[in-house]
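Before I ask anything, here is the structure I am working with.
Read from first to last, the chains carry the letters A, B and C; within each, the first residue is number 1.
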């Protein structure tokens, strides 16, 4: 288990690098489309980019690495159980790191948007958990049926592209702190169905992954 | 020790014969250490167990002996032993096939003896 | 103390790839797993190392199960053949990363040996697998196998992509590691001739079944080639296990497998010659083509 944790922890930091890079790209896009930028507002919005980037990494990059690392670790004598646990450990770690960074920024940059952000953390947690479950379900599908996985990933790329575009357009309009806070305050409320969806998706993901992993044949 | 291995004979027999030949030629002297099983294995790219079997054969015959913790050594009188053994096997290994070939070619005993008489040892 | 598998059956899509395989791998030996392409060698090694599930049967190490048992798995290394074609995910991976992960997972990874082998094989670890040729990929699998220090180590066709010099080098390195550590190695290969002298034990897998599991020397010694006039050969080998008959005009050649105590009739006018492991293997497993 020690080796397993070591591998997945290192993998988390590698992914974290990708998350930061993706967030930076989103930030640059919004910087270019924004006029009369106010630094405090921009900084307080950054954590949202970070969350979008984390979702992007968990849904797209991970499904690819799942097809690579799962058989690789099995080929190095890891048990199927530990591979599953390790993968979930990684997901929790990357979500925790993302939210910790978000909170840190919001605490350092007090303001209307930041206080909305801090109150939105439970919602963001749910969204991130669901996204990670979806991502790993896709990875599992990708392992089993390559074509279906490919179609799904293309679809998701479209959605991600749309989100980036929307974020860019939105930042143009909402750059004033008060309006931004109003829009983002939607995240403050945590609807019951979102809470209910988390265990459903997680259970679905774990069941799906275990079913496949249990009988998986290693091919490199 | 630098002969090549052939396919015509079991490897362990070839190993033991090579060591014997080296002793006869004075390449390995009495009371001198012989290469270890692992050294032989690496030299000939053979399994150490095969090399050990070849050496074991010579130990059984008293040509080599073991010094605990050090290795294998050539026994006193090993050269004489090998000479005696090879002489004893000479007829079987060389004369019998010679006679068989002579018979199938229709060479008589007298002709054969003349051929041998014409040559120096 | 042994790696043991019992009544292993493996079925793919209704077709038996392995059929009731029972095997006992003893510690401190070099086994050769030989068989034709498709005989089930890779599948057997995958099942022994729990990389693939068996359809039926069990694998145990020192009495404990191997499947999902980290303690047992830690003692086994099956360094798979790397197939870095464009389709496989591993093509984009750098050799360096692969070795790093291997060194994380194998408890007793030998870092010094890794450095030495990389130097001997003259490998550029910054290269991606997709950019490496078959020989380089073989070298990587050899490095993982030797450096893993696992008590039971399997190599699948380790010399397939290597040139003759590198092959000789590999066997010497294998023997060196074996002599100094006493680990058990199972080497699957179809380049038999060069490996023959290295293998203490030989396992012949044919069409999913184990035909022979024996001391290499004993097995090779039990096989002889008998040739001569047809009638003489027939009389000399009467009652013996005869394989691979070849007839040209009045002359006939057969390969005979002698059971303990059996002998070719020496009173007949025939040539009796020793047979190499490769010839013995072809005589046993190549018969369909000979007919």
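We adopt the following convention: contacts are C-beta pairs under 8 Å (C-beta built on N, C-alpha and C of every residue); 3 or more make two chains touch, one makes a residue touch a chain.
On a predicted model such as this, the values are computed, not experimentally measured, just so you know.
Student: Central chain, going by Cα centroids?
Tutor: Nearest to the common C-alpha centre lies chain C.
Student: Comparing A-C against B-C, which pair counts more contacting C-beta pairs?
Tutor: A-C
Student: CA centre of subunit A versus CA centre of subunit B: separation in Å?
Tutor: Centre-to-centre distance between subunit A and subunit B: 74 Å.
Student: Distance from the CA centroid of subunit B to that of subunit C, rounded to the nearest Å?
Tutor: Each chain reduced to its C-alpha mean, subunit B and subunit C end up 32 Å apart.
Student: In angstrom, rounded to a whole number, how far apart do the mean CA points of subunit A and subunit C lie?
Tutor: About 46 Å, centre to centre.
Student: Residue numbers of subunit C touching subunit B in their complex, please.
Tutor: The touching residues are 29-30, 168, 171-172, 175-176, 178-180, 194, 197-200, 216-217, 220-221, 273-274, 276.
Student: Give every residue of subunit B touching subunit C within the complex, in rising order.
Tutor: 5, 7-12, 37-38, 41-42, 44-50, 53
Student: Where on subunit C does subunit A make contact in their complex?
Tutor: The contact residues of subunit C facing subunit A are 46, 49-53, 68-70, 73-74, 76-78, 80-83, 88-90, 93, 98, 101-102, 104-107, 150.
Student: Report the residues of subunit A in contact with subunit C in the complex, numbered from low to high.
Tutor: Checking each residue of subunit A against subunit C gives 1, 3, 6-7, 10, 64, 67-68, 72-82, 214-215, 217-220.
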